[in-house]
């Protein structure tokens, strides 16, 4: 099984890092190939920046399909271009928001998405409405993570602390029973957060969106099912 | 009041035609300026083609704002780029789907959108969900309009016939009490359709999406209200 | 364009005050005529008092239509008589709750209505359900405004303070991104509130319900659209 | 237990007829007293006519409470005045639409309301939304009953025929599993309809709205529960 | 009228206690007969324990029907076996969750269910979704009641205190306007709680689920209505 | 990876048949072990029969966990016992209805479930409500499949014909864009149905519920995620 992961960035280091992460968790018979974009905004801070990458993403999905890939993942929490590419692609095109919200609905009666910045609340509300899962998403706490600072350090303690506090609030005040993270590719942070929540009496699933997307893509290829647009 | 209408096409004739149409219906103190795109797909058949125009649309909204416009309309039934541009724009950015569905909700307990081709049903369902108006939209009949053939002829009889049949079905079988048209800029067709429905005993509002959008934009400028993203 | 505003009060001073307010904000080609009721309860504290005014309101809408008005506004935040009058009227009949909730939905993903007294929460919940906009209305904070005291003084500082606190709560705790006010006709208060929210980092739309209703009525007359009942 | 039934009519014959009907089905320890209105429109064809009766209905509910009634029923399928009167009354005030839709939800996964005329669809949709039971109400078939003709004859065969056809359509096409009737006070018609549906293989509950309301009122008095407004 | 109450316990004392409680509140012409289970888990702490009792409950409902009962109540807040037994029974089979949530919806615009332990939130969310009343249920506060300790003592002061605090939170923070209790059969506690809430300015209905279920069952027998499955 | 499939039947032949089917489609590193029940009703025609099997199913899930399984599938379209077993199990417990409705939601904007008998409509409506996916499930056509006759013959032509007709109706009249089958374990029938729909112009996903469940279970084990109850 050959899965192409499109990372909406122009930075080669980031692409290599993602390649390694996905390689670690895919099945032994899955071949991962990760590509960045030739041209993308320097920082992806909002839908507007994201929009500028769309033609390049479409181009990459077309290429992936031409090269015989079995599925494509667009690795961006906004599910950027997923609907657009499903129109022409006859292989599964997957995004982390849709996959992770479906997993969270399957695993709990009510879930929270821990956002990185306050604007994410608007963002996730719109996505949850599009997927008709808005009634399951009971909380959108914001962890206010200084994401650049954290990515540069090797230490995810601060990240875990911030997400832990946001998660506790979502669980105790809003009744969340599963946590979807608003960032991805940090398995140590995920297991550390899940452990701390368990120690506090909340043994609930914590979902890393891109890993969940990879597994969902493998599933769909196994089942020979493709999206309808 | 100065309103810029962005028409997602490269064809000058189409832009001129739209300019005239908007001019006819805007308020006497509103100045309309219509622009096309420098670069756009030849035909806009799906979200994928539309996506390729996004950078050009974003560019035009930025330009409109720099030139002192009071509001921008992106004149495409998919509300292409509306959310993206609202992120950076501090003037109203309006799309016909959102404006017309809100008018239809205000004017009736249940509305239908008459689509041009079958794929439109997917499209409008997603938009209605995004606006959280999906429970008001009780019917998505498809008129199967040969839109190119009709645009080339001067005669809208066939168009009106097809839309009349689709509307009657929506009213009688699904309980629709207002009609949103899936195409725009044909005032004769609108009044002709409304007349025929009235003659059949259904005196209900028929909404031309782009005209409705223009009026909503004028309103927002009057009220000095801008979207929050 | 001739628009009749029905103010559900017997006090001439109040009617004159409303007339001046509407005159200030209507379009130059719009003629406003404001009327009170011959007979109304002394205070309008609940639906029960309001109900007693219904026959008089119906009478006034009939009169407005007979006198050639293009639209009627029933200027009461409960949308008193709006549905009833739409049954016989063939001109637009508009109420502030419906118009302002639709504007708020158009301008944000989630809105709050700042109520004057605690009972308003029941009231606005019922209205939001009737308009099927209840999922957009994420917060119903109560400002506990001593409305009589404020109307008698010329100073809206206290009013703005109370609404500011209620709005901040709605924004920070419930994710509201637009504010609908539960009272109307105080443009200075609106702009003052909007300014203070902006200074606190929340540059969001603040909607005065009756002004919004006037603009929506002008729109519908422009578009030659009438409600279906 | 003393229950007052307010019948929104000025016709004494109608009031007497209702008195007899209610007497037949109330519990042995329930005293029914039925009153008409001093002043009401000749025909109640729409909300507008109904609205004119509101002050008189409010007056009657106040009187019922002053006379020591334990509950009041406003016997009109539009639930006319129910919310308004609940504001001042400290005894249960019940309407047939709310009571019957709750029974239908309790007795089936999906119900239909068989309307008398086409306009009823608008009407029942609004009520179902207000009660937040709109997702349970899957069908609003219209029986097109010539209600005056039927009331004048002693024969309900035609009525049953029309309702049978409307019910079958609701069951087979829309999946309805309970029927709420849009008229009331005809026990023979109800049992005849239920029998014919059973003979056709559909052994489902058929609900007479006013009888259901009486029973719900008796319940609430037993439980000493009063509505919150 | 003969109503059988099935109490999912093997303890005779508990069954006798329930028999006396129901006897006190039923109508004079209603005969209550209460039965326990021959075999049940020692404690009913979750759905899993409950599931083990299902065959025994089904057996008891069959027996009740064979013995000529007019209705059956399964007296367990999880509505255990209600849907399953409705499939074969041709008499009403009632559970307290469904009955009490419908009463709460009828009596208020928004209600809370006061749970005994934290896990109840999951439980009640699922039930409210099954009844499609989840939008009415705005709060699921947990009283953390040491239920065994309270049942053993004769004093319900502690119980009322805990429920009072949970109810106040639901009213003031979430807008609840009716309270459904997550336990039953303690009329003194109910009236004491209602009194304390009233003293605090909240004169709202407090619903004892099993008493409400009894009244609803009496109603359905009166109306000769049986559930459709 | 070791997955236990519980088949709610006492017939060894059926269990062996299921074992072979699952073996064919699981991953090469997944070990399937299929078990039947020691005691079950002869025919499983409704929830009532199903309920009688619950204690035996619970027993089997406990056993599976004790024997070191990584996940359990309860292979019954009613998701029988899934919620109950999730309470005590610390491995994933999966049912076909939940898994297949989530796949259908992921793969299309609107799906249909093709039922075997008319009563299935009630059944699937309740399940879709429990999963909060009821707005995605736009159609519940019934194929009226003589399931015993078909299982006994080796020919699935009749089955495919009936499902094809039901699917076409769901697609053309209700806008379904994915089909969930109400039976399972017949891969030839699935691909034959998908082919015929494609030939008719509807290239949409057709989902076999139990195969989908197996893949979802494999996924969850890979991701080390367990349900929260």
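All chains are identified by letter, namely A, B, C, D, E and F, in their written order; residue positions are counted from 1 within each chain.
Criterion: a residue touches a chain if its C-beta (ideal position, glycine included) is under 8 Å from a C-beta of that chain, and two chains touch if they have at least 3 such contacts.
Since we're looking at a predicted model, the values are computed, not measured.
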Inset, instruction - Starting at chain B, find the fewest moves between touching chains needed to arrive at chain E. - result: 2
Legend entry - Shared interface partners, meaning chains that touch chain B and chain D: C, F
Inset, instruction - Quick one: point me to the chain whose Cα centre is farthest from that of chain C. - result: F
Inset, instruction - Call it same or different for chain C and chain D: same when shared residue numbers make up over half of all numbers used at their interface. - result: same
Legend entry - Euclidean distance of C-alpha centroids - chain B vs chain C, Å: 28
Inset, instruction - Quick one: report the Å distance separating chain A from chain B, using the average Cα coordinate of each chain. - result: 33
Legend entry - Length of the line joining the C-alpha centres of chain C and chain F, rounded to whole Å: 52
Inset, instruction - Give me the residues of chain D that touch two or more other chains. - result: 109, 122, 126, 132, 135, 177
Inset, instruction - For this assembly, give the contact graph shape among line, ring, star, complete and other. - result: other
Inset, instruction - So, with touch as defined above, which chain pairs make the list? - result: A-B, A-C, A-E, A-F, B-C, B-D, B-F, C-D, C-E, D-E, D-F, E-F
Inset, instruction - Using the touch rule from the top, collect the residues of chain B that touch chain A in their complex. - result: 46-48, 50-52, 54-55, 58, 81, 83-85, 87-88, 119, 122, 126, 129-130, 132, 229
Inset, instruction - Going by the contact rule at the top, pick out the chain D residues touching chain F in the complex. - result: 109-110, 135, 175, 177
Inset, instruction - Going by the contact rule at the top, pick out the chain F residues touching chain A in the complex. - result: 25, 27-29, 98-99, 102-103, 105-109, 131-133, 135-136, 177-178, 203-205, 207, 211-212, 215-216, 218-220, 222-223, 225-228
Legend entry - Residues of chain D that touch chain B when the two form their complex: 121-122, 125-126, 134, 140
